[in-house]
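Just so it is clear, A, B, C, D and E label the chains in written order, and each chain counts residues from 1 on its own.
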Amino acid sequence: MNPIIIRSLIAGVLTSFLCALIGVFVVLRKMSFFAHAVSHASLAGVALAYLTNTNPFVGAIGVGLLTGVGVSYFVEKSQLFSDTIIGILLPFSMSIGLILVSFVKGYKPDLMSYLFGDILSTSKFDIYLIIAISIPVIIITAILMKRFILISVDIDLAKIRGYNVILIDYIFMAILSLIVLISTKIVGIILVSALVVIPPATALNISRNMRETFIYSVIFGIAGSILGIGASYILNLPTGPAIIFVISVIFLLSLLFKKS
Amino acid sequence: RSKTESSKLKVAVTIYPFYDAVKSIGGDLVDVFVIVLPGSSPHTYVLTPQDLQNLENVSVIFENNFGLEEFLKSVISSLTARVVNVSEPLKNVVELHNGNPHLWLNPEYFVIQSEVIKNTLVELDPIHKDVYEKNYENYKKAILNKAAELRQKLVNLPNRNVITFHDAFPYFAEYFGINILASIEPDPNKLPTPKQIIEIENLIKKYNVKVVFKEPQLSSDIYKSIVEDTHVKVLSLDPLGDGVKIKTYTDLIEYNVNTIYDALK
Amino acid sequence: MMENTILEVQNLNVKFNDSFALRDISFKVDEGQFAVILGPNGAGKTTLLKAILGLIPYEGTVKIFQKRREELTKEDRFKIAYVPQRFEGTKSLPLTVYEFLEISFPPYGRNLKDSISEFATVGDVNRLLSKKISSLSGGELQRVLIVRALLSKPKLMLFDEPFSGVDKIGERAFYEFLKYTKETYNVTILLVSHDVYNITKMADVAICINKRLVCFGNPEDVFLEENFAGIFGEDVSTYKHKICKEGGPCEFYKDHESNNH
Amino acid sequence: MMENTILEVQNLNVKFNDSFALRDISFKVDEGQFAVILGPNGAGKTTLLKAILGLIPYEGTVKIFQKRREELTKEDRFKIAYVPQRFEGTKSLPLTVYEFLEISFPPYGRNLKDSISEFATVGDVNRLLSKKISSLSGGELQRVLIVRALLSKPKLMLFDEPFSGVDKIGERAFYEFLKYTKETYNVTILLVSHDVYNITKMADVAICINKRLVCFGNPEDVFLEENFAGIFGEDVSTYKHKICKEGGPCEFYKDHESNNH
Amino acid sequence: MNPIIIRSLIAGVLTSFLCALIGVFVVLRKMSFFAHAVSHASLAGVALAYLTNTNPFVGAIGVGLLTGVGVSYFVEKSQLFSDTIIGILLPFSMSIGLILVSFVKGYKPDLMSYLFGDILSTSKFDIYLIIAISIPVIIITAILMKRFILISVDIDLAKIRGYNVILIDYIFMAILSLIVLISTKIVGIILVSALVVIPPATALNISRNMRETFIYSVIFGIAGSILGIGASYILNLPTGPAIIFVISVIFLLSLLFKKS
């Protein structure tokens, strides 16, 4: 098989694994647009990097992380819903990015192209990068899993137990942001935002408990990526959209088997 | 037949104008494949699995570089094919224009890019050096002659002031003596300020600009208010060719020059 | 038994939007005491429990196990149980009752499975273990919340109308269990209830709240007829008369409905 | 008074995920009757009310005011009041109590402002009118929900443990008001309650549910000791003994806590 | 004053009025990304229009409306949160758009360019369009306002009253979609998504009741637009981002005066 297809498959499996795993929290905490917000916000970092002549990816990660943690901060501060805060931070940081870009002299960088990574263009470096991030993410998630869930279910009990709810939340947001930003670089924002929401939602439709939700989510994410890449290969379709199409169809099918 | 097929040099180009160059210089000796088919924009292109299969089998890829082909960036390292930056000799020019990559729209630059293509073909297939050299000379001559003729057509126009949407045409304008007063850049990242828009309207009035040029892929109603206030016409310039009416490089510059000529005459 | 203060509240003030919900509350509860918190709706009972637990900002001092909040160890904190008046945690997660108990279980101590299945016997929660919390009936959820509170074998229990929605049999079972653990293990209980008459039999202390502390002491004294009005506010005695007696909505209902008859 | 059937339920079945929550329920309630619905937690009481109101899918027939659901006019529908066991509507809106009552008010009929301020006297809700519903205490919210139900001057009231969280004085006030309206205007009331003893005094009919209809009739008969076990399920009588008597969690608690003492 | 500035001001005031008004519902129903989803989905309509040679705007409106109403349909059907459904429909319809575009022969439209209208480009026609839509929207909203709120607060009561809850929801979603699609065409998606979320969120921070929420939201929306256009004129900044920046600053200030 073509080495590029092999790398795409590896990238697809790894990113869909990570996204589907943390996506369960994303969906349950009603932050379905977190990925959008963080990645769009990172454009302000790219613009800043252009202005200060630093590495755009560093700028993107910096501002993206800040935004992710900022969601947590402002939700706490304002007591508004997290989707509202995300809905505020996205245009806000975009507007800052756009204003910054307007100060760049000469031929202006195409910011948006940072959001349209393509899974077929996965490099070896990307694979190492995603593996390198997977390991700490999986370890931290495994350690904090119970607390993440407890905070989502019953924040009062978590506080009574003396957990540093705010810190745990920041850690959670930071992990989430990191996964989103790196996945976006590799497979592009549209695919990432689909991988974060659709497999968990599918799993929620048919799972009988929390454990199953995680397991099904990961299975649907990975299966969808592999099938999608296969379909795009055979039918000569753009790969990202093909994956999204496949996981969306799985979602629609899951509605037929819905449990309450 | 299959023998000759397999002995052919297999080449890929990123954008359509280079396809014409390779075709014209390599003739039957070369099999060429264009990644960004006419109609699509290299700025937003994403590779398909089919592209990858095609790229597997080529020995060289000609690219314009300077940020035009973002889609190639990360696959390059894993391709067996050699990637040749045809704009290498024009580095300084690009720098002067703040990194604007649309070099090929100036026939002189395009000829230089074609020369890089020719040199590469010669290097890869030295046996047919003479054929390539000869074809290149003919190609160059045809382009420069046609270009000079077209330039003449525009030179006599009384008013050569135009405004463009996208920043694709500075090199083109440079060669053909068109005066691009302003480029509006209707791009999500490059939003204009009220001053700029007002300035553009003032420029349009001051220089009696009759036409604003856009690209065929981009939504045109973005600057409709300027159009409404100043009654300028909006026409499409094509930086790449459509593969149907505009097949060759000379077609491309002829189409663009004629479009401008018709609008300004 | 040594007199050991388990909970001490001093000069507690809580404000919502510049108006006081609790004002200058001070009291102590000793180890093994069963304290019932009484007061009319909106008196600040829930607010008091939340302040004690550090869930809302307050002024004043709260000491639990004779320690300030910062000094509480993790083990101490696991020995505090809370049943909220209304479970505000999201019920939209796909958690089963078992999983819900699981994530609330202290990370150390004895075997999770055994603990859950044995504690779940109290209140007949066993049969609910594989149900999703989102599909529980009102009383079933309340039973689960009580069982969850018991799971960590607390030394201090703060229960906010824990039996509302629980049927009489369940209520009695829980009461008996509470009484038993209190007597046997010196567990301290603070329980908010409107069930003023029945509760008296069990409680050692009554704490009456109406923004301020209006009584504190022996429950039997508190329920003397003459004290009642004072505890439940000025308008309690006149209140009943307002309804359907002198003008008011009943009169009104009559006037305007009459054309329908 | 004419015997006028207000609510008729025939062969009602409700399923959740292929298992029956209610099975083959049939009964009638006449105009002016006060029916109390009894049953242990998870018996299907809330499910029954929701089915009657058409809020969940069911099999069987429900007739209100002797009409099928499709035949009910808008006026008919405004004459049905419901107080849910747990208010599931979002409390996150910035609605004040007044606005909350306002949007629930029938679009026709008498003056909104007068109605609200006069009905709000019942249950002492007047002082809450400008508060946000999100900031109400548990009992305050419950009072508001009851007042809201009264506002449209219903002919049929379906109340699901309406007084849970309401203090004794409020409860008595509401009861008196209900009794008064029932007697005066022939209002029909279905009320779910666990307060089996007090409720008997008021109710005309008792409807006992435990997935099936286990009793229907005179409340006093229902509460004879020998009937009780049958109503509340097989395991009721043995249930009490399980707790802290023969093994079970109490024993357990003892064994494993003992090392702490 | 320059006619462009005047038209921008009119467009700014009208769109921010409409967006801030319906935005209160958008925020309270946790659909902060509704505008994103509907406008991105409409791109599939643009692609379809290219394939079938019809007017792209008609295609956009058609598919956009379908998606908006689809949100309501799938929320009902799946019982998932509305933000999850929105998070599924966005990438799904985008992927269909991108797959469709790959079938377009000849010039392929740059779909994204349809989302980046600019308030400075408001034409007279746009103004007529937005006025034409405002009038029925305001009338329908005024008629159904009480029901919209009742459905948001207590859907059970609405059902008991015999309101056709599903139909009312479809009408609501259709109105919302229409406002979003037309505003997007005129001022661009980034500004629309900001105008729909930020002024209502600001209002929620300081309002004491529902009425005030609507009033403040509209005031902040309109004031922000006017101030933003002014700032962009004086400081020579891009206009959309300047407006977003101004309304975001108002939001931050409102946090200081927060009521609970």
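The rule is simple: contacts are C-beta pairs under 8 Å (C-beta built on N, C-alpha and C of every residue); 3 or more make two chains touch, one makes a residue touch a chain.
In UniProt terms the chains read C, D = ABC transporter ATP-binding protein.
Here the structure is a predicted model, which is why all the values come from computation and not from measurement.
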Required steps from subunit B to subunit C (each step between touching chains, minimum): 2
Measuring between Cα centroids, what's the chain most distant from subunit D? B
Looking at D-E and B-E, which one has the bigger number of contacting C-beta pairs? B-E
Could you please state the distance in Å, as a whole number, between where the Cα atoms of subunit A are centred and where those of subunit B are centred? 36
In whole angstrom, how far does the Cα centroid of subunit B sit from the Cα centroid of subunit D? 76
Would you mind pulling out the distance in Å between where the CA atoms of subunit C average out and where those of subunit E do? 45
Where subunit A touches two or more other chains at once, by residue number: 81, 98, 102, 112, 204, 237-238, 240, 260
Quick check on subunit C: which residues sit in contact with 2+ other chains? 16, 92, 135
For subunit B, residues that touch 2 or more chains besides their own: 43-44, 48, 187-188, 191, 193
Which subunit D residues qualify as touching subunit E in the complex? 53-55, 72, 74, 77-78, 80, 82, 84, 87-90, 92-96, 98-100, 103-104, 107, 130, 132, 135
Residues on subunit B engaged by subunit E in the complex (per definition of touch): 38-41, 43-44, 48, 186-188, 191-198, 201, 216-219, 221-229, 242-244
For subunit A, which residues count as touching subunit B in their complex? 2-5, 7, 97-98, 101-102, 105-113, 116, 118, 120-126, 229, 232-233, 236-240
Of all residues in subunit A, which touch subunit C in the complex? 28, 146, 149-150, 152-157, 159-162, 204, 207-213, 260
Which residues of subunit C touch subunit D in the complex? 16, 39-42, 46-47, 85-86, 110, 118-119, 121-122, 124, 128, 135-140, 142-143, 150, 153, 161, 164-173, 176-177, 180-181, 184-185, 194, 196, 232, 235-236, 239-240, 242-244, 248-250, 252-254, 256-257, 261
